[in-house]
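Have a look at this one.
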Amino acid sequence: MSVLTHFDSEGQAHMVDVSAKAPTVRVAVAEGRIRMQPETLALIREGRAGKGDVLGVARIAAIQGAKRTADLIPLCHPLALSRVAVELTLEDSPCAVRCQATVQTVGPTGVEMEALTAVQVGLLTVYDMCKAADRGMLITDVGLLEKQGGKSGHWVRAEGDLPAA
Amino acid sequence: MSVLTHFDSEGQAHMVDVSAKAPTVRVAVAEGRIRMQPETLALIREGRAGKGDVLGVARIAAIQGAKRTADLIPLCHPLALSRVAVELTLEDSPCAVRCQATVQTVGPTGVEMEALTAVQVGLLTVYDMCKAADRGMLITDVGLLEKQGGKSGHWVRAEGDLPAA
Amino acid sequence: MSVLTHFDSEGQAHMVDVSAKAPTVRVAVAEGRIRMQPETLALIREGRAGKGDVLGVARIAAIQGAKRTADLIPLCHPLALSRVAVELTLEDSPCAVRCQATVQTVGPTGVEMEALTAVQVGLLTVYDMCKAADRGMLITDVGLLEKQGGKSGHWVRAEGDLPAA
Amino acid sequence: MSVLTHFDSEGQAHMVDVSAKAPTVRVAVAEGRIRMQPETLALIREGRAGKGDVLGVARIAAIQGAKRTADLIPLCHPLALSRVAVELTLEDSPCAVRCQATVQTVGPTGVEMEALTAVQVGLLTVYDMCKAADRGMLITDVGLLEKQGGKSGHWVRAEGDLPAA
Amino acid sequence: MSVLTHFDSEGQAHMVDVSAKAPTVRVAVAEGRIRMQPETLALIREGRAGKGDVLGVARIAAIQGAKRTADLIPLCHPLALSRVAVELTLEDSPCAVRCQATVQTVGPTGVEMEALTAVQVGLLTVYDMCKAADRGMLITDVGLLEKQGGKSGHWVRAEGDLPAA
Amino acid sequence: MSVLTHFDSEGQAHMVDVSAKAPTVRVAVAEGRIRMQPETLALIREGRAGKGDVLGVARIAAIQGAKRTADLIPLCHPLALSRVAVELTLEDSPCAVRCQATVQTVGPTGVEMEALTAVQVGLLTVYDMCKAADRGMLITDVGLLEKQGGKSGHWVRAEGDLPAA
């Protein structure tokens, strides 16, 4: 039966004890999108051709964001990340920038939050750079795609894992 | 005609000059949701009754997140925020936690990014606390609702501002 | 004979070399109090009943504070904490909030500073939330209660360890 | 009648709105002590004579700590500090290091938390540097001495402001 | 006669009082170089053509570095920067990357340290990205070029301001 | 043949995967200088005699700077440093402060960037404290002296490693 492990038996938040967990290689992959007007997507695409590399800036922000996860998320354990890779791609129907982050560590806990934080910071950075042109952009579908390592083994998201619309 | 103001005429990213802009009161309101399984929502609701206050922790994380915006988003100006309020509510159909953040400053630039960052960090914190029970949660519909102050005046999001689905 | 190990033979501050120390499980427990007027304590107690959870906010601040220790204390080694638990309790005679923090790591140095920093940040947060009602609150008796792991073994504070009043 | 202003009418924590408050010069003075064994105090005193300047390191940590206040205390407003001065003195009966911090800003809110945080970080740094010699040190009597600026005018702590022992 | 203003009359470091200084527009321009082997410079130049944009990453790091100045330099006042622009150029004889940063604020103190910190972080980032190819790179000639605003007026570095070689 | 390892095959920046590298003891030594007017050097030297310890403040800033490296340099791995030592010395011909930093870790990657960042922050702090007296100071010759650990073994800088002047 599921419970919220971040609270003790009296309902008090704590950072759970992972002292006894062996360090193993852990990987997490997360993705998300920022949807926008076609004109906004066109601006980003043109920028790639030399006028301003929105995706390059967002990638750096995402990588640095992964390193700030334990600062931002109160009950996250600080971890020494061993890899962060971020891919940003343009999508046309519907118009969006997709961000995918892969994070690895050799440690006692997983890196889902680091991968998700990287995605969120990457997409927020796209929002920041394009907001003068398009205030209605939406960040959507941010979630975990895959997780490896630790006692729960290898998990790949299946359709049935998603919440009902 | 729209351009990406975060790049100069040679396509180089910069933090744009706001030295000549008068400080005025600025407000931004952003919202977003994290969708989840009904059982996960039930866990959060029960926690409110004493076993662990997920929303209370997420609210604090969101407020602190707003203060870290300029650290996270490369071209954001650092700002002295004069108000941050965060509301988290439970929704049943579909099952979700909704997060709304209102941020104010008296300054030369808007606080959209601060409001959006607060929402994102709040929702990520909900994800963190519930991920042992539900890995498939999705963060969606994160966007700006309203913006006041500065030369662009008062903007409230209309249906037509949203990207096409 | 005791010496100040944070200085080298020429009196220059340094972060001491722990490269050769084996990582072991280390625990530290610290406590402290903030003393206040009875009316202030009553406000906090009432808040627990729904009007505003001072202790819940302070607990989160304390946990996050533990993670910032190496940022704050110049010669502290950065450490990957494996557990942080914080307990806040109300005391009536004299009127006070007591904060106790337990911190663990698997590493080459102890976590006394992390436990003490958690206590201090937790108590400062109580001060912040109550200062409009009571400016004369005092933070007192902040110290280490217990320490485990490393070559010095298990230490529990005895009366004789305390400084003379 | 006193209330906890950091919570709204529904008991939710927020960073209170100071947008309408005029920036004025604000000063806060806080103090605190770390009590210790006479031998520990002697080590610090000798260090002043060239073997290692504990107080010099603690002063820098305290000044930097003041600048981190809004990062550490969840509902604190970020402020541009215009002055931080920290005095550390040795006391013999009882044996202690006393830390006093004076902080100023020109802004819409007071700087009590910044002064108190400076004191706490300064005293924690003393603890860190001396803990190999004396684990039983206690940080005590940390409180606000004086506050100027804002609508509450000039306040100097009187005996009656202190909590009963 | 010159004195070190960051110390009081007893030789204690402090963050000097700028409460009474009126906020004015302030500008600082700093520059520096990282010298390297011709092969290393060639790698960076080729990267510009699509294999990896070293200068783009360094520019973002430099801008973010400017915002961290008060965190890094103990006695620096925290400031709300109103502009940061960073230019990186390749030089052939001798082989080097030159970094120039321009920083502005509307505030009571200058932004020399912010401009210098931006340059240093930008050059360190170049070092990081090229160090696998060239360990002997040297960061040189980092200094202030120009300073505007405040009571000292407009200063442009002249030959005579430089230290003798 | 040399390549820029911080970019993948498509030229996208990433934090390279070190998950499979065994943690070993790693050491890096870096140095740099800040050159200045003879009068400025005299001010620092006098300060050592009691009026204000510039070098003591710079040393603390350098040590803390080493711990912030992964925050500042986008593609740097966060590392748990096991030693940081910083030496600052006065040089007379030409007039300069020399800063040397030695950093150690037990980890999967080297600590060159940490040693270089410590040097840079230390020298910037000297600049900050002396800039009221001497605006033309130059930070020069910042580079790596030595590196130990990892598959590349022990490297000591030779004349031939330096870039041509």
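A, B, C, D, E and F label the chains in the order they appear, each numbered from 1.
The rule is simple: a contact is a pair of C-beta atoms (placed from the backbone, for glycine too) under 8 Å apart; a residue touches a chain by one contact, two chains touch by 3 or more.
Since the model is a prediction, treat every value here as computed from it, not as a measurement.
A.B. asks: Name, by label, each chain that touches both members of the pair subunit C and subunit D.
C.D. replies: Looking at subunit D and subunit C together, the chains touching each of them are B, F.
A.B. asks: Just tell me the minimum hop count from subunit B to subunit F, counting one hop per pair of touching chains.
C.D. replies: 2
A.B. asks: Once subunit D is fitted to subunit F on CA atoms, what angle does the rotation have, in steps of 5 degrees?
C.D. replies: 180
A.B. asks: By mean C-alpha position, what chain is farthest away from subunit E?
C.D. replies: Result for max centroid distance from subunit E is chain C.
A.B. asks: Measuring centre to centre with CA averages, how many angstrom lie between subunit A and subunit F?
C.D. replies: 32
A.B. asks: With chain centres defined as C-alpha means, what is the inter-centre distance between subunit A and subunit D in Å?
C.D. replies: Distance between chain centres: 37 Å.
A.B. asks: Could you check subunit E for residues that touch two or more other chains and list them?
C.D. replies: If we look for residues of subunit E contacting two or more partner chains, we find 12-13, 53, 56-57, 60-61, 64, 68, 71, 74-75, 79-80.
A.B. asks: Going by the touch rule stated at the top, which chains touch which?
C.D. replies: A-B, A-C, A-E, A-F, B-C, B-D, B-E, C-D, C-F, D-E, D-F, E-F
A.B. asks: If we count contacts the way the header does, which residues on subunit F are in touch with subunit C in the complex?
C.D. replies: 25, 56, 59-60, 63-64, 67-68, 79-87, 104-106
A.B. asks: Where on subunit B does subunit C make contact in their complex?
C.D. replies: Per the stated touch rule, the residues are 53, 56-57, 60-61, 64.
A.B. asks: Provide the residue numbers of subunit F that touch subunit A in the complex, in ascending order.
C.D. replies: Touch list, subunit F to subunit A: 8, 12-19, 70-71, 74-75, 77-80, 107-108.
A.B. asks: What does subunit E use to touch subunit F in their complex?
C.D. replies: For subunit E paired with subunit F, touching residues are 2-7, 11-13, 32, 35-37, 39-40, 43-44, 47, 50-54, 57, 60-61, 64-65, 68, 71-76, 94-96, 112-113, 116-117, 120-121, 124-125, 127-144, 147, 155, 157, 161-165.
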